[in-house]
Amino acid sequence: MKKVSNIAVLTSGGDAPGMNAAVRAVVRTGIYHQLNVYGVMYGYRGMLKNEIFPLESKSVANIIQRGGTILKTARCKEFYEAEGRAKAYENLKKHNIDGIVVIGGDGSFNGAYKMSKEFDIPCIGLPGTIDKDIAGTDFTIGFDTAVNTAVDAIDKIRDTADAHDRLFVIEVMGRDAGYIALHSGISTGAEHIMTPEHLIDVKDIIEDLQTNERRKKLVNIIVVAEGSIAGGAEEVARMVKSSCPQLDTRVTILGHIQRGGSPTSQDRVLASRMGYAAVEALLNGTSNVMIGIVNNKIQYTPLEQAIKAKEHLDPEWLKMVKILAS
Amino acid sequence: MKKVSNIAVLTSGGDAPGMNAAVRAVVRTGIYHQLNVYGVMYGYRGMLKNEIFPLESKSVANIIQRGGTILKTARCKEFYEAEGRAKAYENLKKHNIDGIVVIGGDGSFNGAYKMSKEFDIPCIGLPGTIDKDIAGTDFTIGFDTAVNTAVDAIDKIRDTADAHDRLFVIEVMGRDAGYIALHSGISTGAEHIMTPEHLIDVKDIIEDLQTNERRKKLVNIIVVAEGSIAGGAEEVARMVKSSCPQLDTRVTILGHIQRGGSPTSQDRVLASRMGYAAVEALLNGTSNVMIGIVNNKIQYTPLEQAIKAKEHLDPEWLKMVKILAS
Amino acid sequence: MKKVSNIAVLTSGGDAPGMNAAVRAVVRTGIYHQLNVYGVMYGYRGMLKNEIFPLESKSVANIIQRGGTILKTARCKEFYEAEGRAKAYENLKKHNIDGIVVIGGDGSFNGAYKMSKEFDIPCIGLPGTIDKDIAGTDFTIGFDTAVNTAVDAIDKIRDTADAHDRLFVIEVMGRDAGYIALHSGISTGAEHIMTPEHLIDVKDIIEDLQTNERRKKLVNIIVVAEGSIAGGAEEVARMVKSSCPQLDTRVTILGHIQRGGSPTSQDRVLASRMGYAAVEALLNGTSNVMIGIVNNKIQYTPLEQAIKAKEHLDPEWLKMVKILAS
Amino acid sequence: MKKVSNIAVLTSGGDAPGMNAAVRAVVRTGIYHQLNVYGVMYGYRGMLKNEIFPLESKSVANIIQRGGTILKTARCKEFYEAEGRAKAYENLKKHNIDGIVVIGGDGSFNGAYKMSKEFDIPCIGLPGTIDKDIAGTDFTIGFDTAVNTAVDAIDKIRDTADAHDRLFVIEVMGRDAGYIALHSGISTGAEHIMTPEHLIDVKDIIEDLQTNERRKKLVNIIVVAEGSIAGGAEEVARMVKSSCPQLDTRVTILGHIQRGGSPTSQDRVLASRMGYAAVEALLNGTSNVMIGIVNNKIQYTPLEQAIKAKEHLDPEWLKMVKILAS
């Protein structure tokens, strides 16, 4: 077991609410164990540019409740090349950094995995993404907040849908996974939920809307993941309009509000536990794993297996959605 | 002075948070004065279709905090024709209705004005619109809530803008007036605010963004009213991108979330005062006026003058926006 | 297996956000399966007084997002007596009710258990309590909302604590269990968390506060469950003040705000799944169990075992709290 | 007219949401006019202890949305003595400070007034207090946020009051003025509102509660300002309980949550305008005035007249409260 003395923490890829809570946990747990903790600005880009600074306990005071990330984040093409990673490693060595915690998604883990193979520097990944589409964990940092933000927005839209008897097609985030769509759709009593994983025939939706109309159920919400098989909200609305011109159909794309805001309690607790566990893992000589929470217990997954995971929906859930909105 | 005995209340045009609080105030003040109060469903359309129902004190319990409108709303082309209004009047007569309170915007007031001219039925208008663009009042029901919803959303977007050093072009509602853009822009420290009233040369914005970049101010927010002279957010972003390809520019259109949600305290108090004053006005024999609040006092404006009013911005405000965001 | 045709749903004991979502799920799932569904008002009291009404799909429209319970709730001493339950049973028979879903806490389950033993009427319990202290489920309906309400309030208090360098002792709900205190405390970076389950020597807290003072950490938050071993917030503050008179110590008791408000996404999804599963259980001939969710799967627990469960904290968590707040 | 070159800004007395927005406006307006701007920590106490630091444009980035005050605040007895003020003045002179902006309440203005008389240093006051009880302005920084926080909390309490048919006596802030009680009470449909300004005979309230009971109106909310003539919530509840033992009466004291949280749009705009106007005033040679907003226009009031102002309620409002809650 290699002794760790100086660790670095960075946030990488798309930002997610709760990343600050994770950074705080890494810093304070590290300091408690008498490690020196460094923050890398702008993800891997900062590693390449040597934007690496020491962090103290105070540096992370009063950030647990903040959205965004104080370490900032960026995407970095250079790091995809072995040469880029070599440069990054050199910078880490200048600070004697012998352990890294990367908070991000599967792309970020892939980078960490390659680096750890090439340079024998232990890397721990924390799943920070609103999309919750990472294998090896039940939850990702930011998912619960993003869903609640979407729910709050859809509740507001329902007020106006209801006042006017309108159909709203609402697009939520989720290019590859339908978790946000599914959870926000169930939570707001959406009549239909369209995801990247499940082919719903638009004909069925149209038929259903027409049935609703006969039953005088005139307010309808369709929640669409941006990567739904049938297309985004604009495409879905176009199809509905052409088949149901009598419906007053509107589109709202929730967009980037889903990435920001103060994290929910669940995301703060999750991020705190994961950040704490990341440092423990480095201290225990573990390396090149992602910290996940499975059945409420910390679980390690090798970084190379911590890849995007599609939702595998129990068909019972889809049945439930239909029944509850009826 | 004509004695009033049976009054009707309706919500018309676009919905706005606080309409329910106004309906509640009309109903309860009417009942207190021993009037019979009727609710007309779906605005003028319900008048034509005789969707008119008696309301009790209990009918409006627990609605002061709800967005939308329990009376629903709609637009109604038939009411623009004299024939349509005659039919509506007949329905009102079936219920012996001798006074009307219309909560809506300038189009709704125009309808009320015509009706009152043609049939000598006293009408009182209450300004219910998130756009605040009505002459004769400092505030309209729904404006404060809509602005706060926009501010809350932009705060969230700033979190992610800040994490990535991005420029966000954010579109808020306001086809004809820039009040929501102006207030939400100042409140969120937006670098630029684009409204239907003020021509800002996009060249100036681009120059300013380039200056900011030199100063390492990399996070920028531009708030654009949907009816801004330079176009909506998509148009503005297109122009910025073509001149500043190095900036990471994103667009968010807040859309219909701005119409819903639980009203703010200010909107609830405003709606309560206006609803109360509307019944008092009918009882005092006043007719065909809009109830406004000017300098915190109730003021009557003849319905035909309660038209859309553009914002007349003190140039000092524009100067302030620029200075505070610098 | 007994065929079920007419079911009743009631909410009992303390109310919790998400109860309406559960009622909605029971009603719609029942109707989907062609059952008649009745609502019992005011819990068992309404059973005794025959306040039992048929519910339609429309009766539960637009309530998924509402706090409180449309069926109202009450405590009912008479139901503790066999005579009372006999009277209740008679009323159920008048409506031919042959299945019951009770949403409430352990006291409510105990009532259901007795009734089912005495009269052979199948009862299904759903855990609805903000305290999360029920055996047989990982989550209870209302817990996540209550924690987030507490977190939102404590975040606000931290603003003012920080402005004045104050110590706040904040009391959250939890007479018998410390879950709300623990989760809200971790989420807000509280320096100390005091629960009914864990004896913390107040001397240790005082020593720690004095250490913080020397380190110039002047803002401190202590989160206290109302049933903490050391007493409520007032008692704890009294002890702290007498030992640390130099600290500017204040008390806030969050109180009943923790019971209300629009439920979070997690509570809505949980309540929807549980309500759906309750009707499925009745249809499958299951009876006298509580529906729980364990490791994200529906699990049945016999009603007589669905009792209050104390928190069994991993000592690692307590260590983490201390380290992260340091 | 004396030329100003170096100005200081401080927050003093109780904190209020929006103070940060005001600080930001003072700093950026000052810098725009090429002044040096200093921040004084902890109000007058920091003046005495020379805790005075230069502020840059960046120092106030991303604070417009934050509750609390980055400059912190404190009460300072020494400053009440001439000797203390002399010491403070000396410290100001060390930094060549020739203009001061004090954000606080009437006590803070009194200090500024004395100092300006004794040392001929121009002082501008900005009304920052949640209580809105300052003469010379229609609004104070923080009032709108505090009211909306109270309204949000009371809405939540109404959910649970409604579920149980309870009477809640809810105490809001306002030791000397009833504005928060009045506005939050109207906004939440409270049955009674008790303030420091208006003697309501508790007998009348009890009689009214008994009437409501006969009418089957079982849910009641009484909003009590902490300084109400009849006492705080505990006292009022005690009186109600002894006369109406059949009512299920509960007490909630909202407490310090009313001081924190992200400011509303109105408070941010107000604070921005006032901070901007304060620097303009100093530049124009104005001194020893408080900046107020009256009828939406900036207005100066001599500091010695910017004292606590009781609410002068139009009796019509009190009548309205009673009618709308009936």
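The letters A, B, C and D name the chains in turn, as written, and every chain counts its residues from 1.
Note that a residue touches a chain if its C-beta (ideal position, glycine included) is under 8 Å from a C-beta of that chain, and two chains touch if they have at least 3 such contacts.
By chain, with names taken from UniProt: A, B, C, D = ATP-dependent 6-phosphofructokinase.
Being a predicted model, the structure only gives us computed values, none of them experimental.
Trainee: If you average the CA coordinates per chain, which chain's centre is most distant from that of chain C?
Mentor: Of all chains, B has its centre farthest from that of chain C.
Trainee: Please tell me the distance, in whole Å, between the geometric centres of chain A and chain D computed from their C-alpha atoms.
Mentor: Once rounded, the distance between the two centres reads 39 Å.
Trainee: Could you tell me the distance, in whole angstrom, between the mean C-alpha positions of chain C and chain D?
Mentor: About 35 Å, centre to centre.
Trainee: From the mean C-alpha coordinate of chain B to that of chain D, what's the distance rounded to whole Å?
Mentor: Chain B and chain D have C-alpha centres separated by 28 Å.
Trainee: Would you please write down the residue numbers of chain B that are in contact with two or more other chains?
Mentor: Only 155, 158, 162 qualify.
Trainee: Given which chains touch which, is the overall layout a line, a ring, a star, complete, or other?
Mentor: It is a ring, because the chains touch in a row that closes back on itself.
Trainee: So which chains actually touch one another? I want all the pairs, not just one.
Mentor: So, checking each combination of chains, I get A-B, A-C, B-D, C-D as the touching pairs.
Trainee: Residues of chain B touching chain D in their complex?
Mentor: 24-25, 28-29, 31-32, 57, 62, 64-65, 138, 144, 147-148, 151, 155, 158, 162, 183-184, 186-189, 262, 264-266, 268-269, 272-273, 276, 295-296, 320, 323-326
Trainee: Would you pull the chain D residues touching chain C in the complex into a rising list?
Mentor: Contact set of chain D toward chain C: 11, 15, 17, 19, 66-69, 72-74, 149, 153, 155-160, 162-165, 168, 250-257, 259-261.
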